[in-house]
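Note that subunit A is present in both complexes that follow, paired respectively with subunit B and with subunit C.
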Partner chain A sequence: MASSGVALAEPIVLPRRLNWRKVASLTRSYLALAFYLFIAVFPLIWMLMTSLKDDADLVDATVSPFWFHKPLAFNHYVYLFTRTSFVQWLQNTFLIAGLTLAITLAVCIPGAYALARLDFFGAEKLGVGIFMTYLVPPILLFLPLSRLVAGGLHLGNNKLALVLVYPTFTIPFCMWLLMGFFKRVPRELEEAALVDGCNRWQAVCRVVLPLTMAGILTVAIFAFTLAMQDFLYALTFTSSSSEKPLTVGVPTELIRGDVFFWGELMTAALVAGIPVAILYNFFLDYFIEGITGSVK
Partner chain B sequence: MNGLMAHRAEPLPARRLGIVRPARINLGRDFGLGYALLSPALVYMLALVGYPFVLALWFSLSNSSISGDEAHFVGLRNYIGLMGDSVFRSSLKNSLMFVFVAEIFKTLLGIGLAFVLLRNLPAKKVIRGFLMLPWTIPVSLSLLGWKWMFDPQFSVINYTGAHLGILHSPLPDWLGQTQYAIAAILTVNIWRGFPFAAVVILAGLTSIPQEIFDTCKIDGAGPLTRWHYVITPIIAPILFIGLIFDVVFTLGDLTIVYLLTNGGPINTTDILPTLSFREGVNGGDLGLGSATALFLFPFLFVAVFVFLRMLRRREI
Partner chain C sequence: MVDNSLTRRQMLRLGALGVVGAVLAACGGTAPAASPAASKPAGSAAPATSAAASGKPAASPSSSAKPSAGAASLQGAQLRVLAWSHFVPAYDKFFDQFVKDWGDKNGVKASVDHITNTDIPGRAAAEVAAKAGHDLIGFNGVGQLQRRFKSSLVELDDVVQYAVNKLGKVFRFGEAYNHFDDHWYGFPEFYIAIVPLVRNDLFQSVGEDPAKVTTWDDYRRVGQKLKPKGNPGGFAISHCNDSQHNWQSIMYSFGANWVKDDGKTSNIDTPEMREALQWMTGFYKDALTPEVFAWDDTSDNRWLASGQGGYIHDAISSYRSIESSNKELFEKISIQPIVKGPKAALNRPDTNNMIVWNFAPKQNQEAAKEFLKFYTDQMPTVLLKESLGYNMPMFDSLFKKPMTVLGPDPKLAALQDYKGDDLTTIGFPGPPTTEAINFESNYVFSDMVGIAVRGNSKDAIGDAIKFGQEQFAKFYPK
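Here is the complex of A and B:
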C-alpha cells in the first residue's frame, strides 16, 4: 500500500535529480495536508475556543474573536453538567445505543453465520436483499414508524421506541460485515471440531465465535456509534427532556426560543461529539471495506 | 466444453456474495437451520422496514392524519396537490441541486485528499483521525459550531472577511438571506462529506496492483496518462458505489437544513425531507408528508438498480 502510494505521487525521475524532486513533492503534499487539516478541524477548534470563553468576551464585537480577552472560563462546562439535563441525555444515549447493540448482535450473529456457512434456497438473494434495505433512508419510514410506535406499541415519547427502530439501520450493514468475518474462518476448523465429536452448536461456540471475536467487536462498535448518530428518529419519537438522546437534546433544549447559549452549546457538542468520533474512527476501515467490498 | 464452462462459472457468484457452497461434510445444505437462523433478521426487517414502507405508500394515497381520524383512500390527490405547490417544487429543486453541487465538490476535494493520504506520512493514523472528524462527529452536534460561525452578529467568517477586505458591508446574513443560506448549507454538506469521499477513493487507489504502475513506468506513461487510462477505469466502480451511498444519504438527510435554516428564509432553502417533516409531524398530515418523502423514491430506486447491476457485473 505504501509503496504504491509513492509510485502514484512521484513522477518518474533520473536518480541524480531524485532528492530535489522529492523535496518539492513532499512540500506540496504537506501544504495540501495543511489545507485539508485546516478545513476539517477549524470549526471544531472554534467550538473549543468558544466553550472556554467568558460570555462577555463572546459577545464583544470590538475585539478580535481569535484570542481570549478574559481569563479562561470553565463555567460553561460546570453549567452543562449541573444545571441542564446533559447527564440525563448522556445516560439515554448510552442506554439506547447499548440496547440497540444487543439486539443487533442477537439478530446478526445467527443470521450472518447462516448466510456465510449454510447453503439454502434463496440465501444469496436474501443476503443482498437485507443489505439493500440500508439504501432505504429513514426519511421514507419515519412517519409510518412514528404512527406504529405511538399507536400500536404505546411507545410514544419513549426512548425504548428508538431501541426498537435503530436496528433497522444497524442490522443490514452489521450482517453484511459479520458475514465477511465468518467467511474468513476456515471451514476445515469447524469440520475438525465436528469430527472430534462436537455437535454443531459446540463447534460454533468453541471454534467459530472465539475466532471471530475481533469481527464481532467491530460490528458492536459500529452498531453503537450508528445508534449514537441518529437525529431524525429521535427528533420525531421523543419530546420530553427525560427521553431524549444527546443528538436531539443538545440542539433542541439548549436553544430556548431565540436565545442561543453558545458557550453551553459548543461545550455540549464537543463533550458529546468527540467520543463518538473516536469510536467511529476505530471501525472506519471496516465501514469503507463494507461499502466498497460489496463490489470487489 | 459446455459442462466445464458451467462448472467454472457457477460457484463464483455465490462465493462473491459470501455464500460458499458445501465442500465436503455436513456444513452446508441445512435448509431448516438456515432459515431458522436468518428468520429473526428477516422478521425484523419485514416488520420495521417492509411494513412501514407499505404503510407510507398507503398514507400517501390517503388522507391519514396524526389525529387518528378514520383515513380514506384519496387516490393521487396528495401527489397532484404537491405538484401544484410552489414550495414543494422549490424543495424538490433544492434537494437535487444540493446533492448535485455537493457531490461534485466532495469528489474533487476527496480525490485531492486521497492522494495526500497515499503518502507515507508520520503519525498517519492520527492525522487521518483528525481529517475524518467532520464525518465521524454526529452532524447534529458539529452543525451547532457552524451555526455559531454563521451567526448574524458574531460570525467569525464575516469578521475575517471584513478584516481581509474580502467582504464589505452590508456583511452577509448567512442564514437569513437566501443565496447565502444556500451557500452555507452547501458548505456544511461538503465539509461533512469530503472525508468520506476521500477514504472511499483511497480504498480504490490502494486496491490497484503495484505491477500495473510498474508496467506504466516502463511504457513511459506520465501522471496524466496514468490517471486517465489506468487509475480512473480501475477505481471507477468503487468511486461509483461510494457515490451511490453518499447520494442516498445526502438526499434523505434532514439534519443539516433543519438545524441551520429550517427551510428559511420563507421556505427558500427547504428540501424534501424538511418539508416532509413539517407537513407530517408539525402539520400532522401523514398523507402529504409521506407523499413528499416518496418523491425521493425514484432516485433511490435508480441507485439500488445501478448498485445491483454493478454487483452482478463484478461477479460474472
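Here is the complex of A and C:
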C-alpha cells in the first residue's frame, strides 16, 4: 500500500509543475514550427487554390481571396494539358536536367577527388579558381556564350545547347561542394584499402564513394534543380515551342502582353514542382546528412 | 580458342567513340520546328467572335498566299520569325499558319516562334552577339531597338515604299521609330491603342455622362466622386509599362516632355513639367488609391474585371478578357476617345515594328522582304480582324471609316480616331533614340511621378524634377 501511495503521489505533485513547463516549451516550439511551416507551405496552398479557382472568383475583390466562392474549376488544368505544349516542356526540362546532372557528376566526382586527394601542385588554388567561376553571373555570360554556342557551334534553338551550357555553372559549384565531402573521408580508410590489395580505382569505388554517397546525392539534387530553374540561358538558346524547357515555355504561352493566365500559370508551377518535391523527399535523409553531417 | 573479351583499353576506346557519335548525332539533327502549340486549338481569353477564334479561315491564308514575283529565287530559303505572344492566343495560331502557308506557296521553310514581349530585347541582343538566330523579328513595346542595332539591320526602304504605295503614308510615330539616317530600318506593323476604359453605369451613378467626359480634368472630377464610393480609377505608378504610357500621355497633353525635340537636351525643369506633376499629384489624391504603387501591367485589368474599378487607361486586352469572362460587366464598359489635356490631346501607344537581321543568309533576307510585301497586301483584311481590333495599323489609308471590326461596333468605334499626329513616341518630341529607350526602360518618369505624388517632402515636385535631371544626365550623356 505504501509503495502504491508513493507511486500515486509522484504524478500528482511534481509532474504537474514539470508538465506545465513542458507544455509551455512545446507550445513555443510548435508555434515557431507552425510559423515556418506556414511560410513554407503557403505558396503551395496558394498555387493549388488559384489553380482550382474560377477566373471570375480570382479577380473578385469583394470577397476573401483565401477561400472558394464559386464551384471548383478544373479548366486551368484542361487548358494547360490540352492547349499548350506543357507536357513537351516538362519532358524537355527533365531531359536537359538529367543530362546536365550526368555530365556534372561524370566531371565532378573524379575532378573533386583529384583536387581533394591527389595533392598535386596548385590543387587547392585550382579548386578555389573553379569555384570562383561560379560567381560570374549569367547576365554577363549569356552574350559571349551565345556567340560561342549559337554562332560557333550552330546550336541555336536546340535544347542540347542547354546541356552544354548548364554544366558551366553546375560543375564549379558541385566540384567545390564535393571536394569538401571527399576531404572528410579519413585518408587512413583509403590507405587501408590500398594495403589490402585494392588499386586506386577500386579504393575510390569501394570505399570513398559509398562513404560520400550523402554528399553525391546532395550535389545531384543541387545540379538537377539548378538546371531546372534556369531562365536566361533557356531564353537565349531556345525559341521553338518544341525545344523550350518549362521555365521559358510557361511564361511564353501563359503571359500574353498584359494578360496573365493566372490559373494556368499556377497549375504549371504546381505540377512542375511536385516531382522535385518528391525527389527531395526520397533523398531527404541523405540531403540533411550531406549538408550537415560528416563521415560516420 | 579465340579470346573474344575486350581489354579495358579497347572498352574505353569504344565507349569514347560511342559518346562522340551520339553527341554529333544529337547536335546535328534539330531543325527549327513550327510550334506544336500553334498546331493545337489555342484557347483564348478573348471571345470567340473572331474568325481565328472560331476556326473559320477568315483571311484564307492558304488561298491568298500566292507565290510572289520573286518566288523562284526564294526556293530553298528559310524564314524564321520571332514574334511576341499575342494577348489573343487565336491570333498567334492564325499568324503562324499565315506565315507557314506563304512559305509553302513560295518554297520557303517558314515558321514562327513566340516569346513574351519583354524578353525580346534580351533575345535580340543574344542573336546579334551570335550573328545567328531568326530572320525577321517583331520589336514590341518599349523594346524599339532599331537605332541600337542599326548596324545589324537590313534597310527596308523598298518594302516600306511598297507598303506606302499600297496603304498610304506611315503615321508620324511609326516613321519616328523606323526611319532614321535616311533609311527605313523597321517595318511599321501595328500599334496598340491605349484608351480610357470606363464603367458607364458607375459614371452615370454619380451624374456623369461618359460621352461628355473628355479631358483629364473631367476624369479627375469623376474620380473624386467615384473614389468615396469604392470605385476609384486604376493607374499604376510603378515599374511597369502601363505606368509609363499612362503618365506620359498625361505629360504630353500638358505640353511637358523630358527631352526637347533635338532628342538631346533636357526639358525636365520647366513650368509645364511642374504643372503636369502638380496635376498628377492632385489626380492621385482625388481619384486613385495607394495600391497603385504596387501594380504591374495586369493589375488594372484585374481591377476593371473585379467590378470595382471606375476606369482605367490601357490597351483593349482587358476589355476583351472581360468580354469572355463576364458578359454582364462587359456590357457596362465603354471605350472613350483620346483624352484632352490643357495643351493637347496626345496619346503614347505601344508599337510593333518588324526588322530583318543583315547577318541572316541573303536568301532568307529576301524571303523576309517578300513576306513583308505579301503581308502588306493582306493587311487591310487580316490585321484588325484576326486580332479582334487590337492590332491597329500605322498606315493612313487603313483609317477610312468604317474600319474593319471597329466601325460596325459602336463600343469600338472610338478607336477609329486614334490616329495620325495624336499618337506619340517614347522620348517625344525628340526621336525615340537609344537614350530615350534607356530612360524609358529604367522607369525614370514613373519614378518622378511616384516621388511627386507621395509628397514625402515640402517640395516633392522639386524633388521629382531633381531626380529626373540626375537620371537624365546619366542616360543622356553629353
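Just so we're on the same page, the second predicted complex is superposed on the first by the 209 of 296 C-alpha atoms of A that agree within 3 Å, B and C clash if a C-alpha of one lies under 4 Å from a C-alpha of the other, contacts with A are read in each partner's own complex, and residues count from 1 in each chain.
Just so it is clear, contacts are C-beta pairs under 8 Å (C-beta built on N, C-alpha and C of every residue); 3 or more make two chains touch, one makes a residue touch a chain.
Since this is a predicted model, take the numbers as computed values, not measurements.
Judged by the touch definition given at the top, the superposed model places A:Ser146 against both subunit B and subunit C. Judged by the touch definition given at the top, the superposed model places A:Asn157 against subunit C, while subunit B stays out of reach. Judged by the touch definition given at the top, the superposed model places A:Val59 against both subunit B and subunit C.
Applying the stated contact rule after C-alpha superposition, one finds that A:Val248 touches each of subunit B and subunit C.
Looking at the shared chain after the overlay, A:Arg83 reaches subunit C, while subunit B stays out of its contact range.
In the overlay built on the shared chain, the residue A:Gln91 is in contact with neither subunit B nor subunit C.
If you count the residues of subunit A touched by subunit B and by subunit C, you find the higher number for B. In the superposition on chain A, the residues of subunit A touched by subunit B in one structure and by subunit C in the other are 59, 61, 142-144, 146-147, 151, 232, 235-236, 248, 251, 260.
For subunit A in complex with subunit C, the residues that touch the partner chain are 55-56, 59-62, 79, 82-85, 88, 142-144, 146-147, 149-151, 153-160, 232, 235-236, 239-243, 248, 251-253, 255-261. Residue ranges on subunit A touching subunit B, taken from their complex, read 1-9, 11-12, 26, 29, 32-33, 36-37, 39-41, 43-44, 46-47, 50, 58-59, 61, 64-66, 106-108, 110-111, 113-121, 123-124, 126-128, 130, 132-133, 135-148, 151, 164-165, 167-168, 171-172, 175, 179-180, 183, 187, 190-191, 194-195, 200, 228-229, 231-232, 235-236, 246-248, 250-251, 260, 262, 265-266, 268-270, 272-274, 276-278, 280-281, 284, 288-289, 291-292, 294-296. Against subunit A, in their complex, subunit C makes its touches with residues 26-27, 30, 32-38, 40-43, 45, 82, 84-89, 111, 113-117, 119, 122-123, 125-127, 129-134, 192, 241-242, 297-298, 301-303, 305-308, 314-315, 317-318, 321, 325-326.
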